[in-house]
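Before we start, here is the structure in question, set down as structure tokens.
Labels run A, B, C, D, E, F and G following the written order; every chain starts at residue 1.
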Amino acid sequence: MSLNIKPLGDRVVVEAAAAEEKTASGIIIPDTAKEKPQVGTIVAVGPGRAADTGTVIAPTVKVGDKVLYGKYAGTETSYEGKEYLIMRESDIYAVL
Amino acid sequence: MSLNIKPLGDRVVVEAAAAEEKTASGIIIPDTAKEKPQVGTIVAVGPGRAADTGTVIAPTVKVGDKVLYGKYAGTETSYEGKEYLIMRESDIYAVL
Amino acid sequence: MSLNIKPLGDRVVVEAAAAEEKTASGIIIPDTAKEKPQVGTIVAVGPGRAADTGTVIAPTVKVGDKVLYGKYAGTETSYEGKEYLIMRESDIYAVL
Amino acid sequence: MSLNIKPLGDRVVVEAAAAEEKTASGIIIPDTAKEKPQVGTIVAVGPGRAADTGTVIAPTVKVGDKVLYGKYAGTETSYEGKEYLIMRESDIYAVL
Amino acid sequence: MSLNIKPLGDRVVVEAAAAEEKTASGIIIPDTAKEKPQVGTIVAVGPGRAADTGTVIAPTVKVGDKVLYGKYAGTETSYEGKEYLIMRESDIYAVL
Amino acid sequence: MSLNIKPLGDRVVVEAAAAEEKTASGIIIPDTAKEKPQVGTIVAVGPGRAADTGTVIAPTVKVGDKVLYGKYAGTETSYEGKEYLIMRESDIYAVL
Amino acid sequence: MSLNIKPLGDRVVVEAAAAEEKTASGIIIPDTAKEKPQVGTIVAVGPGRAADTGTVIAPTVKVGDKVLYGKYAGTETSYEGKEYLIMRESDIYAVL
């Protein structure tokens, strides 16, 4: 489930769940007009954001976390034939 | 009333009151053109916002609080068949 | 004059004076094209804004203060049959 | 010359000079297309702006100061039959 | 060359050089389409900008300095029959 | 692989991989409508961003790193006949 | 190569290289649609930017440095018959 990409700063790499997936907790993404968060699994985490004071603010998510994130969050990339999203930790709403 | 979702940072999960609901305190949302706050109950609270100094600013709301929030605040999601809103604590106007 | 709503952060709840009201100090809102501040009474005050350092900056207004505020400041709500405005302390121009 | 209004934060109350007024120092506002500063007298001063560190930054103007300010600065109000402007100290260009 | 106006914060008062003026250093403002800086002399200087920490950042220009500034910088005013510009120190590009 | 250009602040110089290149890790840039990150190699790194406190925040990438960056990141330049991109470290998504 | 202009803050004065110039290092500015950085030599450097803490952040370039900067960076001026650009240090991409 881990991935050999080292995101910079507060970025994370997420493997999006398949559209029809239903998590262990029973999250279903209903079909309405309003933007819905997406479900995925974190496969790589950066070291954290460097604040203006030089402090590095450690990320609060870890590899393996199931997360909710905004529909348009992140940038798509592919690695060894699989699609991933690279986004900032602040694009993640919650851990399930 | 609690929910097994762990919001990140200063996010909270709110269960919106039904449109016709009237709180114990007697809040009624009158029907005028101006945007009105919505009433709901907090079901999950994040650890708080990480300030630039690295300090985590603890949230001032807790699970079970009845809250007022902006009509367009937050992102809808559903969990075990119920609808919830994920929003930032700063989107909440007041605790009732 | 107090109200059982607990505003968050630097928010306050204001009961707007009736349009024809004239304060004890003799403020009259003349009828010109330019936006005029409104007069009201504070009925609830939040604990203050949490600065980035974690410091909570205490509010400088208190329940019972007659205040001037911008015409379009705040969000309307109603409570036990009366209309109130929830606004940030920074939307208040002055205490009369 | 003082006024019984307590402005909040870094706000001040200014009594605008009459349009034809000429200050003791001899400031005249010539009639050109470019926006000109206005002349007035400060009649009330707030306690100062609360910085993010909690520090209150004391105002550098005081009641009685003749000041120059931008043409569109501030919000008009009236008090005991006279017109005043409530503006931020940063809207003031200079003390004469 | 000094002027009895006390600018606030980081503002300065500048007496613009006549359009045809050529400074001792030989600056000439050529006539091209691109915006050119203007030349003037500082006649009054504020105490400096108050930073968020409460620190006052002292100005780095002084009365008598010949300065270059942006064509549209500042606000015109007149004092004892002469035209001046009130601008922020940050609108000044360089001392000649 | 190093380059005799000294970028300022948090800027880096990147040599973009040829469009058909496939990295050792097997990154392929699929052909879809959505913007994809680009792959390149860092050939020069600035000393880091100077924060407001005067602290220089050291870069977290080094010469030789294979990196992913946004399609429109950076400014093209050429040096001794080769094309390079100068971008900020924050434009880099991840090290491969 | 030095110039008797004292830029303020983090500003520098740059003498742009002639369009056909090729630096000692062999930089050539190819002719494509994308904006290319320009090459020039620094002839004057300000004392550095004053941060909010009052700290002056020393510049990292010096008089005589060959620099790359954005095509539209800075403001043109002329001095003793030569054209110069006044820009902020942050407009400079790299030292060659």
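As a working rule, contacts are C-beta pairs under 8 Å (C-beta built on N, C-alpha and C of every residue); 3 or more make two chains touch, one makes a residue touch a chain.
The structure displayed is predicted, hence computed values, not measured ones.
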| item | value |
| --- | --- |
| Chain D to chain F, fewest steps along touching chains | 3 |
| Classification of the chain D:chain E interface as same or different, half of numbers criterion | different |
| Inter-centroid spacing, chain C versus chain B (mean Cα positions, whole Å) | 23 |
| Distance from chain E to chain C - Cα centre to Cα centre, in angstrom | 41 |
| Chain centre separation (chain C, chain G; CA means) in Å | 51 |
| Sequence positions of chain G contacting 2 or more other chains | 52-53 |
| Topology of the chain contact graph, where touching chains are joined (line, ring, star, complete, other) | ring |
| Chains in cyclic order, anchored at chain C, direction fixed by chain D | C, D, E, G, F, A, B |
| Residue numbers on chain D that touch chain C, as the complex places them | 4-9, 11, 13, 44, 46-47, 50, 52-54, 75-81, 86 |
| Of all residues in chain B, those that touch chain C in their complex | 25-30, 32, 34-37, 51-53, 55, 57, 60-61, 68, 70, 89-90, 92-96 |
